[in-house]
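Same chain, two partners: subunit A is paired with subunit B first, then with subunit C.
Up next, the complex of A and B:
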């Protein structure tokens, strides 16, 4: 097997290409966390009083909470007192034109393959670029505004759309929801805000590209997407970070609200730095993502390709409140080296005839640990509801682990829950079979992995499917539509 | 075309010899049948010849068109035109038959500096081969062997053989687990593929298959060696008397240890 492991390691564990640092002058900001720091952060952002109140309340909630330890991962706890909670490049973040963006930052995004000039961008994709704590640029704003779609940084939204923020922020993930959500609610720095008005199909893909650059900073972004009745939106986030020996904390909160007949598709390609061979360095990716299908016939779909981070704790969830609403979770989690991922989803069925689908594919290699943790809960009133879950794990080599923790409960008799799980090893027989047909060992492994994750990757927006495949470095077969 | 000389082989990392000096010569245009009881080493012979990593050849030679292929990887042997129809075809979920075969066909073409087929040309080519095993189009779009019945898996092996058009094919117990109708279809397919330029080695337990595919040579394998070779009459003798009887006679005649 060792040959195969090597071939695979070189394929998915190949040297991290995004590990460079950008030389940027930062605003001075004190290290650590306390009330004064939160006040300072809020005033730097020129926030209204109610926002500061929200932060302080969250901070006090966080102070009373204990850091959780129930997941299947061990790591050195972040040093919250010595972290930098606000890291903004010196230039003013309110930008109207590309020329105002620090050339170094602009170059950073170029290097990452995300040019900020609209004419160079992927046609049909609007980008919000978040660099450390602040959004540095949002493209296609005017074009989106014509359709009535608001796409801006969350900081701008606090200033420009306070009523929407007041109404929705914390409505899906309350500050007290969990330890990391509370911390985020206290110190969140920036993130994206999307608002899709009634009966509007968002004319382009929306995406946010998160970059952590500063070594000492944590990133606490906040994303809020509101899809009004009958609207539709597809949103994608991508993430990278430089290679540092120290761990950095990324504790985001994402809230999605789908009103009646609305449809939100949220995709993630997560490629934070994962640490080195011995597990030194890398991002702690502790993220709370939750959507609510508020109105009837609404739909929320999460698709994620998780390849990076030293430790990932993440459970994108859907609360199926509206009758006939649909929740979906498609996930590929790849762990190599000494990465640890504990990820999955929660589907909470409250409305009648609600349906959820969970397709989770875990690939573990090296000395990594990959856990699927999923909860499906069907409430008393959610009659006629259905869940279908598949979680498949693939092991490569002898030193990695795959684990499955499903929690299933149904409180009414007319609903059904179906759960399937398989674990397989990339087998010598499979590889030999393909090689006997003339295919090289490397291509054989690629094919097997490509086949394993295909069901999930086909859910990604077309524009990003290529990037996703490149990330897995799996050759995309011509026949894949 | 193929000449195996005094081939010895063990399971990689173990001492127990499974092949104990096999000699076999196959010429173009011939069909050979290797028969033998369970555990005689006949499937191992097919795997060793096709380069399965689980086995190690410890002595002897496998000459394929004059070149000793013992050190070559399985894919390199395939590029030379060697094909193995698996006894237990392997499932590869998520990759269609067509994708595998186009990739395989073009990889082999590249290795031999022949022209590759583009997807449209390949579509025509592969469809023309479906009739070999009497299969419908939809067969091409299904994931490799995934959820196939036992019979479909075996048919798929012969279909792949038809598409890749190998020089030398080992068919490892392709008849096992087939009902009589499927056996007929598979045998017809093999007969259609067989021509004066290629050679086929059937590995089988039963004489039944040989009613449909007529071998030019029959070999009996026992305890890691070919102990007797002859024509079709050898298969008939086996069917009538069984392997035990043949072994006893050979011992009596001093032809086997």
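Up next, the complex of A and C:
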């Protein structure tokens, strides 16, 4: 037993493979946060008056709020006064093709194995690559434009589609929603905007790669996806970040709006730098993700593979407002070393006959703490609604912890909620069985872990599924491959 | 907010002084400790995670006096509450005060001590354990009991002794002019390989408002075995906030079953601490509520050592505007390997105005364990109702029968026949209340 733990520990000890930085010059911007800085930020981005107002209002809301402490994690609070709230590659070229992109940036993507170039075209994926905070490249615009799909950076959308932004931004995650959302609303740098018109199936999977690359640059991404009646879209988000000593804050906001019969699938792979053996450095990932199933028969599905970050607080949620709407949450959270993850979901049932499914798998190893925190709420009017939740945890090693905090409530007599959770280790009998069939111990463990998370990984789009498996291997299996 | 600031501590809801002290030295020390904490701990609000869903206005909108000042009314014959199995092993407390006349202890074996705490204040076990097992955290109710209890039950079972007859601790609450508070107390010490059954009952004779805050402490030595049934049939206007706690040595077995039928506000925080290896315990509950009742259970199964089995089945039926809250915590400490812990919370919500909040919670710090929980909120299955209807039952009868069956599982855990029968009658009374 101790040998197998040792084997796992060595796998877990794998260094962060993507720890490198790219030399790109950054625009100067004053450090800190106050009204003037927000005005400056807004003016540099050429934003209209109403956008500035939104930022200032959010800033004042944030000022009044207190940093939350209810989660199961401890960390050194970010020094908000000492952060840089704006960073963009110095030259922001208007690009038509990949060749015009700064070669350094391109190299970065290649090291990360992001097939931004020809491969992407073959794969049929449009990429809105976010380097630090400003979008530098958007491809496949034409093809999307043909279908009527708008896919651009939020900054562009503020200029080009002010009506849509005004109508929807902050409608799902209001600025006052929570401390980090308020901060984001005040200083959001950039992000992706996506609008799928009525009865349109988005012709390709949309994806954005985020990358934090500037020392002390808190990234405040903002994503807004609107799926009109009868439309369908699948959105992919993947992240890696270079190795740094200073803690870096990432407080993103993602808002999804699904109108009648619309279907949004949002997938995430998160592998930011998680700090060293002692948990030093590493990203703080405090993200507010929420979708609303506004219309009847609409559907929102979140899938996430969380492997990175020093501290993760993340609860992708669905508000099931339309009758017969569906919310799904599939998650694998892996923590190693001294990582702390407090993640889960909220399913708020408001409409009749709404359904939600939660499948959450937590793997904790090393000296990490892994918590599932979820809320399933069935309102009085949400008659005939159903929820099914499973959250399983696996512990590897004797110094880690697994926690489950599901809040469940129901207020009507025709709905049902089922919740199960288990905590266990990799079973000795299972390992023995596989070894007895001639499989090495390491392979056996790898196989069992793959089986444990399979239910979730199969929900990922194909492009991501391969990457996901690779990531898990790197994270937990090392030489086992 | 201003109201909270003014009425801040538990004492804000108590009229008169709580400074009177017990004559018994062991009790007096605890009274003092409780008072100190009480003066410095604020009364919980919805902002406390442990009280997030619980409406405490029944307490905070009223004022409670001591029993002496409440103008307690006389009460009639209570012999219908006696258990035939425990006719000679019964302790009766009326409004928290020991009543020797109604008690009967002839059936207790000579080497076993059963009686009231103030009489046995010099007993070594009282001096050593009273007040040491209970846990405050930032609670106000356990300190309130500590501060105000003057007497209580004391049960001491020596080594390798089996008490055949169940020990019946009957807490009776009578009608009174004013709302009063009572703080029943129970200390149980079971020596090595002893075995006993405790039936702890709380009965409200009338339909008046009172605040019942019992604390029970169980200390089980190696191999001790206890079956602890707790039946709460307080007045439907009363508040019942209880703090039962048990601490187990090696190989000890503690099985507790809490049945909640009465009280307008019920809050129960059972806690079992595994203090050595290889223990086995149960923290079951059955809650049947209707009207505007609130029933809240916050249990803790605290595994501090390796090799333990624990089980929890908490069943709830909610009708009318009742509100059920459940938070079951399973803790497994860092080196507490080979723990097998299972928790199940099943809620039957049979009215549209009812409400259920549940939060099963696992906090595991050891890797070689098997811990699981399940929680469901649902209704009766249409197929099941239809099946019974197809056998000739009316729809109402079918539903009653299915609710009865749901509750049955918990009732059948009772080891004492008359208790089981009495509870079945209560279940029928609950399910068939709409019958003509």
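Rule of thumb we're sticking to: the second predicted complex is superposed on the first by the 452 of 481 C-alpha atoms of A that agree within 3 Å, B and C clash if a C-alpha of one lies under 4 Å from a C-alpha of the other, contacts with A are read in each partner's own complex, and residues count from 1 in each chain.
The working rule: contacts are C-beta pairs under 8 Å (C-beta built on N, C-alpha and C of every residue); 3 or more make two chains touch, one makes a residue touch a chain.
In this text the structure is predicted, and so the values were computed from the model without any measurement.
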| item | value |
| --- | --- |
| Partner with the higher number of touched subunit A residues, subunit C or subunit B | C |
| Partner chain in contact with A:405 - subunit B first, subunit C second, else both or neither | second |
| First (subunit B), second (subunit C), both or neither touched by A:421 | second |
| Partner chain in contact with A:440 - subunit B first, subunit C second, else both or neither | first |
| Partner chain in contact with A:76 - subunit B first, subunit C second, else both or neither | neither |
| Partner chain in contact with A:430 - subunit B first, subunit C second, else both or neither | first |
| Touched partner set for A:448, first subunit B, second subunit C, both or neither | first |
| Subunit C-touching residues of subunit A, taken from the complex the two chains share | 1, 70, 378, 380, 393, 395-425 |
| Subunit A-facing residues of subunit B, complex | 50-54, 73-75, 77-79, 83-84, 86, 89-96, 98-105, 107-108, 111, 119, 143, 160, 164 |
| Contact footprint of subunit A on subunit C as seen in their complex | 49, 53, 334-335, 337, 347, 349-352, 354-379 |
| Residues of subunit A that touch subunit B when the two form their complex | 427-430, 432-441, 443, 447-448, 450-455, 477-479 |
